[in-house]
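Two complexes come next, and they have one chain in common, subunit A, joined by subunit B in the first and subunit C in the second.
This part shows the complex of A and B:
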């Protein structure tokens, strides 16, 4: 087998070697035709475009394809068969959990967006001032974002939130207060706290970039015109930041809908289904129930919802920015 | 044009080099490489380090390992096997998977390979020495599909010192009522000593493993003979009410995020009076290197209630040949090496008898060396021998399995049910309401899967 290949290769290699000789006429021809009309340019671009389209869209198209099929990995004898919209009907009409999962996703995403943007803005305003050790403080503040989601969830779950040897419990007990079992009694709050801790630095960075691009002359002239610190913030900084807040919210919506690692590690979507969001539900359906068709349908619904949410957000924010 | 020519030339060069590599290594290195998917528990880690012995005996075979935590292993291997990717020659599977994996032809029967053994080989392997209840769980239609690497049941661990101080004695065969009484007496959360440790972490292999043994011994069952779910039956409800109540009144805090590993830590750190869990923890708890309470640990059978049936589980991690493997004969050689009496002796020689994989061979339990170091050996062997996955419930059921229901759909529905029960343990839901939701979800899955009309 291997020997045959070796014998076969040299001619092909030889055929491939002379491009330097063969290329000039080809290039000349392309240039000549390119000057007459523009189609060849498109033709030359097409392979790259097709490659790009295939590379970026194939996973989604496959998901779409599977979502119209019955396919249970655990029942290979039943095979894969086309079922039309049955998977979608199943999750929308007959699945009592699905609605709670959508609600959880909305609650988690919205509260995360609010908290991370507000906290991020606060930290960005603080960091925008000159003070000794600013570089160190900035690095420290950014570091939570650089820790892997699963790692920070393990850390929060075992070192902070654990009701037996967690730090929160230790502090609360020291103050004479009862330390609750956070992940069991306040699961949503715990997950939101973990993810806020991770994502606030991201928002802070985006907003800090915005703050640093506010023109100092504008602020100076506002001050000369008698604006106090609050007035400067309200009428100069905030309108300028609008665009950056918009970007932060848009990216936030896209990323925060997909929170998975923290939930997987800290609560496994529970207790009950208290912290099961759409990505975790896709995982459950695909890798616990092994129903690839249904999981794909949920995935498609998630993409649609995220797109609409992001677009809606963008529009509302656009109007808000216009009115500020 | 030019780019494509260059790409072609590059491909050609790469292929020549690759072909050269293939022929080059073909002469020097072993001709067959076996890929083994296995779980990252201590016994398997020992197996990895001893594989040199196998490779020395079979110089033409090289062994590669893919080692993963239990849940990840299950997902990885299931995906591999179900999509026919053929990434593995040998897979590590539990007793739960074996029946339907065999039915799906993802595993191949080992009988043809056994009949191909020489009489000297089969005498050295000694199939009759493998624990019968374990082999029963790994046999489908009279044909063995996997061989056990280690097996376990469940039992009660308790702290002799705390019991003595409270003036209590643990019977060798306790009931759940007694255990609950002891737990409430000793429970002292302000001193971080908890009455009893029980798994609350959702997952069919975590929370439900322990809870199902309680459901069994309280006289409950998952399904009646026509596959109608029985989660809201009085017996099932009693068992879950008992479990959630005991955890809330005398159990560890953070129960819904505590699984085997978390509880093993709590127990070995001296934070609890009792723990009902897998027999495999006995070695860990009795070893002064890993456990603060090694000198005070006592062993008893798993508690019972209405019936002794199904009060303790049976689980085995076993090795099987993946259907799509192209090196089955070589893989079978590895299987019979890793599960042989000689392997057990090899572990004993290099790591001591405590490290021997438990629960697979009668000869292990007849070895004076093992009996001397393992005070728990008798309870463990007896528990494994009396656990019967085919007769684990008071009333008849259409399924096999003690701490699981042996159907492919159980992994999914079990995970969902354990989530609802976790809400009841956490107190965010009541037991009847949680079981009502669980029942609905199971009914839906069973309808989808075609068990119910």
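This part shows the complex of A and C:
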């Protein structure tokens, strides 16, 4: 995993970022009576650590183990046998679907990241003003994020995107334009639209927190130096916000690579494999085709790709912190 | 904030209202459709005035066995949240107040388990759970969602504990109070608002989770998210019933989310950002 990289996160950043992991408030107190409390402190900690290890690390090692084996649950008589790297060779070299799936995953994740951050920043800027009903507007705006993915997908698929009864095509027809069958002709765009609607509020909340934690002193001193509103935004707010954008994108990568429910409901990965991403492909190979070895290999590849993406963001994050 | 000409400010405010309404409109339309007849449900433009009917909600609760899935979601959500708090709050307390040179590594190891995509562990868990007869059981789902929410509980509660003034902690230690007594009598009450937010967020995430639920359950322990997904093929046939069931399914978490919105950012960023 990427935990060593995460360990390089800044000990203490400016503004609204938390007291760091490295500087807990009670350090002095702990030192004063550390040895007396060491054993009970460990007793409090261990159950959680053991639970997580058993539920995540052990299964991941088993995934690695399965990925080197042939094992089809639909053909139990064939049993489980060691096949070395055959599953990896199969998906990487001989499976054109897998390549499309990787591409789909990258396209979906990147377009979601860009759209949600840009739109989220827009909403955050709109909310970062005093106006009547601001609290209510904020509350309304986070709602799409709170709705379960299967409900949003069912709702979008039927009520908004349906070619006959859907609202979008009704509006288009009203304007004299042809209303396409969105999910059939623009499946990737449709999935991205649904998930963007759900996740923009998350980015909005993170970036709003960033906007609200800009030091007022810095803004004032920039004004004294003659900066206008745009200048303040460009030279004070934006650099400060950079850190928040990166945290948002890092978390976005981790969560958005795993988009599943929307695809399951809206397109079932189709038409064909047009909207099949890595999680949906693992679901298919494991729980529809029951090819456990292949599914495990795809799972391992997903981890490798996610880790690289996350490491990339951590590197950017660290550089940003160093230059701020 | 700069003082702008009032007409510009008013226009911007109006624009903000319109954007908010547009983004929430699909949800509002869906909830309204739940109160329509099937014939009214797919009328375009959407009917804005009609005599509301409770028929669809009755259907969802009665015929469609909505209640069974709702109960599964409640039991699994509450069970996993309680278990995650029982394991995670003491761990967070220990990490916040009794740090060692390993504390940082431990915290980031916990975070790394959250970053592990579920697809990387689901297959062995399925095999393991089928051997242990935990597939399609509420207990099995509680164990899985505890795994999902435990890192969140530890990180979020640690960030709340870190805000308890150190003088108070030192005072309890000078008084010679035991670790447990200090925790229960002093620290926990101060961290109650944080615990409430953590609990709500953990409930929301468990309530909405779909990948694990659809992979590990069939009928007995299937949650609302799985039940709703069965409407995926209702091409304009059962919109009213679908909408009523969906409205019932999202109501608890939307309310919980509104209640916890001040702490939502902190939870979703694992304590990295305070909203």
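As a working rule, the second predicted complex is superposed on the first by the 261 of 324 C-alpha atoms of A that agree within 3 Å, B and C clash if a C-alpha of one lies under 4 Å from a C-alpha of the other, contacts with A are read in each partner's own complex, and residues count from 1 in each chain.
In the analysis below, a residue touches a chain if its C-beta (ideal position, glycine included) is under 8 Å from a C-beta of that chain, and two chains touch if they have at least 3 such contacts.
Every value quoted in this text rests on a predicted model; they were computed, and no experiment measured them.
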Touching partner for A:229 - first (subunit B), second (subunit C), both, neither: second
First (subunit B), second (subunit C), both or neither touched by A:167: second
Between subunit B and subunit C, more extensive residue contact with subunit A: C
Which superposed partner A:270 touches (first subunit B, second subunit C, both, neither): first
Touched partner set for A:77, first subunit B, second subunit C, both or neither: first
Subunit B versus subunit C as contact partner of A:107, first or second or both or neither: neither
Which superposed partner A:289 touches (first subunit B, second subunit C, both, neither): first
Which superposed partner A:238 touches (first subunit B, second subunit C, both, neither): neither
Partner chain in contact with A:157 - subunit B first, subunit C second, else both or neither: both
Residues of subunit A that lie at the interface with subunit B and also at the interface with subunit C: 2-3, 6, 16-19, 22, 26-27, 157, 162, 164, 266, 268, 287
Interface residues, subunit A side, partner subunit B - complex: 2-3, 5-6, 9, 12-13, 15-20, 22-23, 26-27, 72-77, 90, 94-97, 157, 162-164, 181, 183-185, 187, 266-274, 276, 284-285, 287-291
Subunit A-facing residues of subunit B, complex: 1-2, 5-6, 8-10, 12-13, 15-16, 19-20, 22-23, 26, 75, 78-79, 82-83, 100, 104-105, 192, 201-203, 252-257, 266, 271, 408-409, 411-413, 415-416, 419-420, 422-423, 425-429, 434, 437, 440-441, 444-445, 448-449
Parts of subunit C lying in touch with subunit A, wherever the complex brings them together: 1-2, 9, 12-13, 15-17, 19-21, 23-24, 26-27, 29-30, 33, 42, 44-46, 87-88, 90-91, 93-100, 103-128, 143-144, 146-147, 150-151, 154, 159, 162-166, 169-170, 173, 178-180, 204, 207-208, 210-211, 214-215, 224-226, 228-229, 231-232, 234-236, 239, 242-243, 246, 249-250, 253-254, 256-258, 261, 264-265, 268-269, 271-275
Residues of subunit A defined as touching subunit C within the complex: 1-4, 6-7, 16-19, 21-22, 24-30, 32-34, 37-38, 40-42, 44-45, 47-49, 51-52, 55-60, 62-63, 66, 123, 126-133, 137-151, 153-160, 162, 164-165, 167, 170, 197, 200, 202, 205-206, 208-210, 229, 244, 247, 251, 254, 257-258, 260-261, 264-266, 268, 278-279, 282-283, 286-287, 292, 295-296, 298-300, 302-303, 306-307, 310
